[in-house]
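Look for chain A in each of the two complexes below; its partner is chain B in the first and chain C in the second.
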Partner chain A sequence: MATAKDADRVRPALTLTKEELEVEVPEPRLNWMNQWREWGVRVRPGNKGLTLGSLNVGLYGEIPMNWPDRSRNPRGAIGVTGTPPVAIQIKDKVDLWAPCAADLYEEAIQRRWAPATDVDWKAIHPLPEDIERAICQVCTEICQYAIIDVEVITSWQHQMAYGYHEVKQFLATTTLDATRRHEAFRKRALVNGGGLGYEGPCQVSRLLLESSGGWTETVTGLILIRALFTQVMIRYLNRFAYNGVERKIYECVTQDFARLITYGVEHIKYALAHAPDKQGSILTTLAIGFRMFNRDLRDPVLREALAIVFGGGIAGARNEGMLVFYEMLDEYVQELLDACQYLRLPVSIEQLPKVFQKDQRHSAEN
Partner chain B sequence: MDQQTHNGAEFELDLGWMEKQGEWNTHAEPSKNGLTLADIQVGFYADTPEESRNLSGRPRGAVPRPGSMPIGNYTVRTKSEIWLENASFLYEEALQRQWSSATDIPWDTIEPLPDDVEQAQCQMATFLTEVEFVAGDVPSRWVSKTSPDFYEARNVLMAQVMDESRHMDVFRKRALVNGGGLMRATGATAGFVGGIDLARDFTEMSSRLHLSGEGAVLTIFRMGELMAYNDAEKAIYRLCAQDEARHVAFGVMHMRYMAANAPERREEIESYLDEAEAGMLTDAANPAGQLNQTSESLSIMLGGGRKYFDEGFRKLVSIRKRQLQEYQKRVTSAGFGDRFKNGRSRLGQMMANVAN
Partner chain C sequence: MAKFPSVAWFDAVRDIYNKDDAMHGAGSGTCNCVVGVQVGRELFRLTFEGFECSQAEMITKAQLDDCDFYLHMAAKDWRTMLQNIQEHGHATDNFTLNTLDLGRVEGLSASTHNDQYREDLFFRYNQTLQFFFDGSARIQTTF
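Our next item is the complex of A and B:
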């Protein structure tokens, strides 16, 4: 191994041909040397290793509110100018930033998992057909959510400015998380004598894919509606899991979701703190989102499948299972309202469609 | 009609969906590597359509819901446009080989380097942190436009985006860890016609990104031992090379599938290769290319300092040759080897000019 001490004498061998040894060497220009904005940086690894966030020292830690540069100049480097831009549209920090992105990025990497090998698939055992059908249906819908999550996030990533690389990098972990989620639930559906189910309804997904005007608005639907609901659903599925295979998947996916939700909530918080006028479009997105969600929930498929899982079969679904389903929905609503309160978003339960209101549910139109 | 209330009576269930589920009685069996994507290619669920009509994000094999809206923004709906035979394998390998730039690199082994070498390392790290994520931004955008019926290929690309994210940060970390800093960016991945960003076709993009661009970088990372001054740098190049090998494999395997299954597009692909070859040594995205900023810093790293520049440059020339040879092997393996025999490829002339 060459070290600093012998840097100028020891180089590993690369056998050059006679011809190569005789190559005429041009005089180097070296005009790139001694060109920097800040030199002498020595970030040392801490107890979590050398983390992305720890690099934010001195000039390298200055993250401006606007990054007009539409090239791939790294933050803190001397940028090149005069090159044709790439398709970067999000150039304001307020439109994507969350202060926790760098930490979430490193956490995602530390907590990586592989459905193929981290789940003990051999431990699965046959279930009664109604339960297997219900689980496979739930898996199908979670797969579909994950597919859409991937498409939503990937359609934005390349549009984000390089000055905010922490967010771009964190989002790369979320799309791999969603890919793995699709993979894990597909595997669960195909491993135990079942198969995939019936396609889920698409209104919330449509909102997420079509709100292509603003990332903050996309995050609003993606996090406060889709991810938060799925997270609560998975928590309930874990509580009623039928085997260790499912429990393991739910636990890993829950961790993945926690990071996505943290980013989303913290981004909205940052956006509202620095651009209070965004509140209007966030509230409107939520209002439209809940109408879409209400339409999706009118469809009985997911509800019945979950009730069968929670109730231990079709018979149990007709009472206990369905009660647990609504308890789950109430828990979601509570978490949503808590998040809105944290974000100081004036959202109250009365504004939500009746299916989300425990007291009003009985008068909901079917 | 279902009922949503509970007034003492039982809830009514519809349960019609139970009759509408996909092919049943599927028993995927785990293999020695766990339950892999290859293991779940069973029965009906293994079938990938030649043309995807799935416009609503439905998992492949689920039963379509009549009335679903075409919410997916898919321009890639033809299998041959994106498919490769070993996607399941590449994806599972990517998951098994994820690593952490925070904790898997022995950063403590880095000690102060002579100023010229540190500058060269930092210039190369600046260049790499700049260009690594083009291979994140671009595949990511293509995934958003690809039908989920081809999810295996999408999965490999998503793993690539994660890999590139890590590459982007490991080189930033290298630049800021040893008394140096970031230097001057190169603009190597700007929106030039013929650039990776602007490709309108997936295979065109893949030929530029996976085959020529990442292929050239892979050759260099594999020579990492020659440019590393400590175990940390060795680990960086070794781990990045492992990742790049998968990315390049995607390109080779995709092109091979294309060659075998879409012969009508052969001539078009030959012209992508013409273009890729023309840029191999002149393109600023090749760190061993002719841009002096990168080629000089590489030469200093390879030589062992400014005063051994000549030795380093001669090694660089040898590496350029190796890049061209490896490229030729990959293109041949992809099924386009004829171009090296029938005079279409200019690789022979380029080989003679590597020192320029």
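Our next item is the complex of A and C:
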């Protein structure tokens, strides 16, 4: 326990002049000192340390279904009356909550990585030009996705009520994850004698950026379409990585994405459990999203670049590379359908555009 | 020298994993999950808590329900993976957990409960799990 002697050490006593001593200082009222909604709380660290979730005890653990306070008042504090409201639009728990948000926040903090030093960049070696160009093109599109993720998530964060700080804090880590993703893939594009390629088509990106009706609907597009697809793509890139540099990036990014996807899926699950009527808008968002995604996939650039990476060069892209590309799409569709089944969303493969249906794909492309 | 699969083998790998700080940073860090390992018909359970893999034990098939997910392969496939790790000091190419999960028709990670939140821990802790099995390069394994 700190003593007065310790305090003296860190804050030396003031030496006041005679004039200063004559200044009339009002007697401190200290009337704020007995104003606490709950005092005497002592949260003890567990075997995971003092976690954000463990602070949810007593009054401080009360997370109401509605948070009408449109101020920046931290949950559990005494609000000031007369404060002009800030632009908080998401005040209902059902519109943003996921029970795992506090745990995901801790996990993101604990499992952080730094592309500058955790990736052994010196281990990279020259690749055939067609492969290097293809990897750089893929990196360019992943960088663009990351920029969109940041913009989409941050455009909603300030609209969320402070009563649900666990979600706001977790989402802050996802924007850091996205900026780190941008950093890592930009570095990979520029570290081996290559450069950035074409900006990708942006139908899905536009849908996400223009989605203003609700966070749950935005999450639906962001997670079930963009993040799940990118996650599968990165896992396939990992499978066909050309060196340890790429493998390390893909492994770490997979984990970062997994947290975002977990939040998204668990939020949609929570929203559907507490507001079943949201199912309609979620399904509509998915239907629109798939039309946009279908248009994006018609652009050959990403498809061809991935096929070159998977096929070991232009020569292998036409057959093996494209087969792996479609296997990757099938894996994405399976992940999506698994997620929809978990969420009890009535989505079947027949409802998806033909490019996502293995047995219909050929007719769709002819 | 430890025979795979056995509790003694997992304990030897746990010891390496628990003591090596390099396995607890750079995208790894604390890990909280219960992982099943199915080697043919033999079943094991690994408990990860914070920076430690705190326990390895043999379990019955019914106890797989307690696992967040389990990694399943035939004994010969585990052997091939571990020999790859032994040879290179870490898993390469077709023998990383991610690639095995994608490349095998039956996958690598599965669960008995279909709870996606728990199943997704395989992806959230992938780096830690890879570090753990890569640690086996530092022990002598017999089969």
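To be clear about the criterion, the second predicted complex is superposed on the first by the 340 of 366 C-alpha atoms of A that agree within 3 Å, B and C clash if a C-alpha of one lies under 4 Å from a C-alpha of the other, contacts with A are read in each partner's own complex, and residues count from 1 in each chain.
The working rule: a contact is a pair of C-beta atoms (placed from the backbone, for glycine too) under 8 Å apart; a residue touches a chain by one contact, two chains touch by 3 or more.
Just so it is clear, the model here is predicted, and its values are computed rather than measured.
Asker: Which of the two, chain B or chain C, is in touch with more residues of chain A?
Answerer: Counted on chain A, the partner with more touching residues turns out to be B.
Asker: First (chain B), second (chain C), both or neither: which does A:Gln110 touch?
Answerer: both
Asker: Considering only touches as defined above, state whether A:Ala87 meets chain B (first), chain C (second), both or neither.
Answerer: first
Asker: Quick one: is A:Val25 in contact with chain B, with chain C, with both, or with neither? Answer first, second, both or neither.
Answerer: So A:Val25 only meets chain B here.
Asker: After superposition on the shared chain, which partner residues are touched by A:Thr216: those of chain B (first), chain C (second), both, or neither?
Answerer: In the superposition, A:Thr216 touches no partner, neither chain B nor chain C.
Asker: Using the touch definition from the top, say if A:Val191 reaches chain B (first), chain C (second), both or neither.
Answerer: Only chain B is touched by A:Val191; chain C is not.
Asker: Quick check for you: in the superposed arrangement, does A:Thr285 touch first (chain B), second (chain C), both or neither?
Answerer: Neither chain B nor chain C is touched by A:Thr285.
Asker: Considering only touches as defined above, state whether A:Thr230 meets chain B (first), chain C (second), both or neither.
Answerer: neither
Asker: May I ask you to decide whether A:Gln137 touches chain B, chain C, both, or neither, giving the answer as first, second, both or neither?
Answerer: Only chain B is touched by A:Gln137; chain C is not.
Asker: Report for A:Asn294: first if it touches chain B alone, second if chain C alone, otherwise both or neither.
Answerer: In the superposed model, A:Asn294 contacts neither chain B nor chain C.
Asker: Residues of chain A that sit at the chain B interface in one complex and at the chain C interface in the other, please.
Answerer: In chain A, residues 48-49, 106, 110, 112, 114 are touched by chain B and also by chain C.
Asker: In the complex of these two chains, what residues of chain C are touching chain A?
Answerer: 25-30, 32, 49-50, 94, 96, 98-99, 102-103, 114-117, 120, 123-127, 130
Asker: Within the complex, which stretch of chain A touches chain C?
Answerer: Residues 47-49, 100, 106-107, 110-114, 118, 231, 235-236, 238-239, 247-248, 250-252, 254-255, 257-259, 261-262, 265-266, 331, 338-339, 342 of chain A touch chain C in their complex.
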